[in-house]
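Structures follow.
Across the two complexes that follow, chain A remains constant while its partner is chain B and subsequently chain C.
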Partner chain A sequence: MNRGRVAWRWLLRRLGATVLTLLIVSVIVFAFTQALPGDPALVHAGADASPERVEQVREELGLDRPLPVQYLSYIGDVVTGDFGVSARDGRPVLDLIAERLPATLELAILSLLVAVLIAVPAGIFAAKGSGRLSGVLTSALTLTGLSVPAFWFAIMLIYVFAVQLQWFNAGGYVPLTVDWQANLALMALPVVATGFRRSAEIARFVRSAVLDVSTADYVRVAEAKGLTGRRIMRRHILPNSMIPVVTVTGLQMAEMLGGLVLTETVFGIPGIGRLIVDSIFARDFVVVQGCLLTAAVLVVVVNTLVDLLYTRLDPRITLEAAGV
Partner chain B sequence: MSVVDSRAAGGPRSAQGDGGPVLRVRDLRVGFTGNGAEVVAADGLDFEVRPGETLGIVGESGSGKSATVAAVMGLLPGTASVRAGEISLLGEDLLRVSPRRLRQLRGNDVAMVFQDPMTSLDPVMTIGDQIGEAITAHQHDLSKARVRERAAELLSLVGVSSPERRLDQYPHEFSGGMRQRVVIAMAIANDPRLLIADEPTTALDVTVQAQVLEALRAARDATGAATILITHDLGVVAEMADRLVVMYAGRIVEHGPVREVLRDPRHPYTRGLLDGLPRLDRRVARLRPIPGQPPDLAAIPGACAFHERCALSQDRARCREERPALRVTATGRESACHFAEEVAGAGAEPDEPRTAGTPGPVVLEVRDLVKRFPDRRSGRGEVSAVDGVSFALRAGETLGVVGESGCGKSTVGRAIVRLLEPSGGRIVFHGTDLTAANRRALRAAARGLQLVFQDPFASLNPRMTVRQVLAEPLRVHRLVTGDRIAARVTELMDLVRLNPEHADRYPHEFSGGQRQRVAVARALAMEPSVLVLDEPVSALDVSIQAQVLNMLDRVQRELGLAYVFISHDLSVVRHLCDRIAVMYLGRIVELADNGELYERPAHPYTQALLSAVPVPDPDQARRRDRIILRGAPPSPADPPSGCRFRTRCWRAEQRCADETPPLVPHGTVAHPVACHFADGGAPAFVPTDDVAEKGNL
Partner chain C sequence: MSSTVNLGAAAVARPRRAGLARRLLRNPSVVIGGLVVLLLVAGAALAPLVAVAPDAVDATAAGQGPSAAHPFGTDPLGRDLFSRILHGARVSLFAGLIAVALSALIGIPVGAVAAYAQSRLVRGGILRVVDALQAFPFLILALAAAAVLGPGTVNAAVAIGIAFVPHFVRIARAQVLSQLGMEYVEAARVLRLPSGRIVIRHILPNAVSPLLVQASLACGVAIVTEAGLSFLGLGTQPPTPSWGAELRAAQGYLLTDINYAFWPGLAISLAVLGFNLLGDGLRDVFDPRRRSA
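And then the complex of A and B:
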């Protein structure tokens, strides 16, 4: 079979699986928001509305219908691109998400970039020093990175670089499209805070993968060829260590898409994380549902990209054999 | 490029001494530190290799042969180091040069071929890049196009066809034999003066081994390099080496021209190795194994390391007290034995011919067995691992099932004991059709059919003592109860010649051979009538292998068992089996009595197999006409039509593609053969360039 057809088949199967995933997520999200305490009709109508008014709103919103009917009508709307309107300000949920998503995506991508840039050298260093002081120290440092709470680290960064040294602003956000220099200056501290924290876990994977590959026969063969240690690391050990590292990096990306709440809060960045938290407190479930579905889509997209990346990293992995 | 650059980059080649040795090793001692104790891997080694010659180093695991060449390459693992001695390559002392100089020498003046071709190549780099890198590590001024050209040259030198195209492929697109050729191509990329091959064909099938040895010969001839060939296979050295070093427990025990050492060994260990070796060219009643186990390398006696296992020592004080040095004997040979002159010559004890037992009634019948697996590689379709295999097995007889990897022999074994559900056919055991039996009948019957696996390390639960391993089946099947269990465990251990006092030890406290005895005892605990032995001695060293084979032989005679003996080793099968089924790509191609098969093989594949097995007799090895098959067996996912062997057969005609040859006797051939051309007696071998070649050594 030619490559093009294989790729199409794979993509189709992948799409089917994605739809299924999203359906399951939507059911969970829907059930979850139903189970939360608080009455959306009350929120819509206002705190001092009469009971009749609340009932009227409930009817208008369709909240008096049986749950399966509510779910089906919700899914029908979502499929046609209608995520509903926010209970708080009446704006379409999709607009809210579109407004908040770029900040979160930028933060996540830049943080991961920083994390990988720290993790790969640190992991190699730790592996090379395995059994020696330098290795123990690097491992201890990554362990520290894992155990220090991210928000505390963020606050420390603000204290040192924004308050004391005044190199950066302590918080705020300017969209990338408006002024990229201002955007990056404001992003620097949150990106470093998140990236450093994230690098710890990746570094530990790099270390164990490098240690593992270093004992491979083909590394001995490379030594027997008379290659330098540097070249062996660059051409043989690192490329073969990348699969587990890409896997964990992909997972981190997925985790971050919903988990940047703390960073966004500490640095005052208007992202998806904060939107979710604010909406939960405001009982604005329609928005919460929209955000969670969006996050699910992104996670699936990231996973697909990771799978495609595998086929680039290792010629033995093909779309044909990859399954779904 | 300036002179300085060239030094920094490739480095100058070492000056060639005038006909002097390429490598000279003097009084080499290599030690490991393990658990705080000093383990001596090699001790007091002296040898040299001259240009163009091949030195064979043989020895069993733990003899120090691999540690020795790792020391020469400067590739000892971190826990090991050269403790004393001198290694000089073309006059340069390798133990005193800088790491940088050592790197310049590695891959340039001295190169190495490793054991396992499946793991020796980087899976994510193209073959062309890997060979190219071996070239450019020492020749920096070559253009990219020139490097590629040279890589293709090297590939075609070692017998890889369409090298240009294959340069862009990855290792997983190559078979094991092809990969080993690539490793050889990398090793000779810079015309090394010394080529070291460490068990280069151990991981390969016998017909592929013949191809790779051919490639190694071509590589040696093209470079004129001195070669060190490390192996445990005396047949391989007989074919390849000029001189032979025999190592035991880190020491050289014998050294001499390969022909003399193998024909007339001057050390009791070498004699013992040869006597314990099942051979393709003759069949003896009983192998004469070396008794006991190799010594613990952490506590090698100051005396002769071999004296406890030696047939000659007879506990003489000198063997116990004085370490024998490698000395020249009265007949001008080199041996490290105080009593080298007393070592018996070949054929000192005449071998009585092996007597065949009288076969009993049929206990197991396999009819048209088929096993298909879903094709995991493509995710679609099926792989037919076994395609219509039939045979009958009588009480007291041993049926050998031989073939190369992927021929389906293990699948047959597993299907018989119902570890795998057959896709078709019948398995009739003592009159019960197991494929149609209900669960209860199957359970009862299954007890009578037992399997012993290849790897005694993996097949025993490490957390159970031998007593628990043996008692478990007794309890589960309520074969014996209560106090009788302990007695039965003792009986079983006696049967396989294990010391019953060791019943409370764990598997890791036993050696490989002893563990295999435990595995056999466990199978015997079920009181089976048929034992399926799947490569039971393949993981064992030669001296231990002979012990286990003799034990299996004795147990069979004592209990009247029938064996299905699955093996890739034609010499072992020749020794042990009464009848032999040769399998190729899921089918039996020939089924004959032992003498008939080995003396008058009728199927071209059987002929090729037998001709590819190295015999530990240099005169025979070099005189024989060899059939070297091209290529590797096709994928069982897409087998050739008609005769499955036709794509590699030198006799193939159109008819072979159109008609599947039935497994029946043909004319003068009284036993079943699946070949259209079998009727005229053994078909003459006609070499054609594109299918097979005849190598006259």
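And then the complex of A and C:
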């Protein structure tokens, strides 16, 4: 079979698996609303509504139909971009999410960037540094990063840099498109708090990837040829050890989106995480449902992209090995 | 005959167990992590004996820093922070324990079925559902479960346990799969032992150590997640002292009183560090080929 056809077959299978996962995700999200306590018709109609009015709302919302029919209708709506209407202010859920998503995405992307900027040098230092000091320092960094909760670290950063030194404002949000300087000044502390936490896991991977590659034959050949250590690191070890690092960085996205709920709460950033929490308290579960779906879709899409990127980055990963 | 065999097995098992104990005690991560966890358990157990009541108000000492009377200082209401942190350890450990026990109780059997079931549909179906559940960010899944169950310590612990199930399914499945090719499993199959018995009596005991490692690491995550849920107001509710709820309250006093926010966060960090070290150390001892950083 020629390589092009194999590649297409692999791509189709991968996308097929993605669609299947998304379908199950939609069933879980639908089941979530069914499991919620309370009567959604009552929430929509308002606490003071008469029983007749509640029944009328139930019929309007289609809640009197059998569950499979309700699910199919839900899927139909979602696919056509109708995530329902917020019980709180009557606005379309998709509009609310679209409003909040940029802040969350910006926070996520900048935090990953900071995480990589800390993790790569730290990981290399841990792998190549001689003596106990580098090992102890890196262990301390990764263990601290993995153990200190990002939301407490964020509060401590606020105390030092906003309350005491007054270098930054803590709290509030200005969209990037409105004033990028004010935006970055407000994002600095949340991004450092989240990025530091994320750097710990990535640094571990950088260290083990660099150690793995360092013992490869081509690195020994390069050493035998008399290349300098710096050149070997830059030309041979780093490019090859970055492949698993890209994967693990991409996969951090899922965990980070969860953690951002807390970061957004500490700093008062109006992102998706804050929207979920506020909607849970307001019992506005149509919005919670929309946010859950959005978060899961984001993660599935990022994971699929990381998978595709992985096979592109490393020509040694054959499509057969990737599951064709 | 059988008693001879058993005696022989016991004789072999004893030095092996002694060797394991020695290796555990020689591993600094296990020792330090174990000590931190032990300290935590002791603190939680002895809290009512060594500290004043967590709700006792000393109005003359509101919002003060550490002193002889109040080792960690007091909160703005005049309650002793040392006592509140120690009592908070009870909530954290309880939540960690319930969450890990629940997820292991559901996740391990489901993971074993996902590895051992005859039907390809069952094996594939479980994996697809686990994939889909893992598409939800962990804290968001726990939040959704907490929204369904309502606030409270037990509900938060159950919510975290539910969110952890997919992780345990994966680990248990991987462990059972890795044992399937072993000769003792072949032998049990040749003897026509029922599948359930092979998995429960033969395979799972051999997969205990990685599951133990996972349980220790999961306990750390569960503690920080419970603190997160309580910080958001969806976990333990005041006046019950919990580290997350203390932090939530302390955030409002950041301009005047850093002491209040400092101790609960330090407690969470230490607890998570303890369980992480213990988990990492156990992994190094049980599986020396895969040393952690």
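One rule holds for everything that comes next: the second predicted complex is superposed on the first by the 291 of 324 C-alpha atoms of A that agree within 3 Å, B and C clash if a C-alpha of one lies under 4 Å from a C-alpha of the other, contacts with A are read in each partner's own complex, and residues count from 1 in each chain.
The rule is simple: contacts are C-beta pairs under 8 Å (C-beta built on N, C-alpha and C of every residue); 3 or more make two chains touch, one makes a residue touch a chain.
As the structure is a computational prediction, the values presented were derived from the model and not from experiment.
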Checklist entry - Is the arrangement of chain B and chain C around the shared chain A a clash or a fit after superposition? => result fit
Checklist entry - When both complexes are superposed, which of chain B and chain C contacts more residues belonging to chain A? => result C
Item to check | First (chain B), second (chain C), both or neither touched by A:286 | outcome: neither
Checklist entry - Between chain B (first) and chain C (second), which, if any, makes contact with A:114: first, second, both or neither? => result neither
Checklist entry - If you stack the two complexes on chain A, which partner ends up touching A:28: first (chain B), second (chain C), both, or neither? => result second
Checklist entry - A:233 contacts which: chain B (first), chain C (second), both, neither? => result neither
Next on the checklist: Touch test for A:225: chain B only (first), chain C only (second), both, or neither?
Outcome noted: first
Next on the checklist: By the touch definition at the top of the document, which applies to A:186: first (chain B), second (chain C), both, or neither?
Outcome noted: neither
Next on the checklist: Between chain B and chain C, whom does A:217 touch in the aligned arrangement: first, second, both, or neither?
Outcome noted: first
Checklist outcome for this item: Once both structures are overlaid, the C-alpha centre of chain A sees chain B and chain C separated by an angle, to the nearest 10 degrees, of 80
Next on the checklist: Minimum CA distance, chain B versus chain C, superposed model, integer angstrom?
Outcome noted: 7
Checklist outcome for this item: Residue positions on chain B within touch of chain A in the complex are 73, 75, 103-108, 111-112, 114, 116, 119-125, 133-134, 137-138, 170, 172, 183, 186-187, 376-379
Next on the checklist: Applying the document's contact rule, which stretches of chain A touch chain B when the two form their complex?
Outcome noted: 216-218, 220-228, 231, 235-236, 239-240, 313-316, 320-321, 323
Checklist entry - Which bits of chain A are touching chain C when the two form their complex? => result 20-22, 24-25, 27-28, 32, 35-37, 126, 138-139, 142-144, 146-149, 151-153, 155-156, 158-159, 163, 203-204, 207-208, 254-259, 261-262, 265-266, 273, 276-277, 280-281, 285, 288, 291-292, 295-297, 299-300, 303
Checklist outcome for this item: chain A partner, complex, touching residues on chain C are 128-129, 131-141, 143-144, 146-148, 150, 220, 224, 227-228, 231-234, 247, 250-251, 254-255, 258, 261-262, 264-265, 268-270, 272-273, 276-277, 292-293
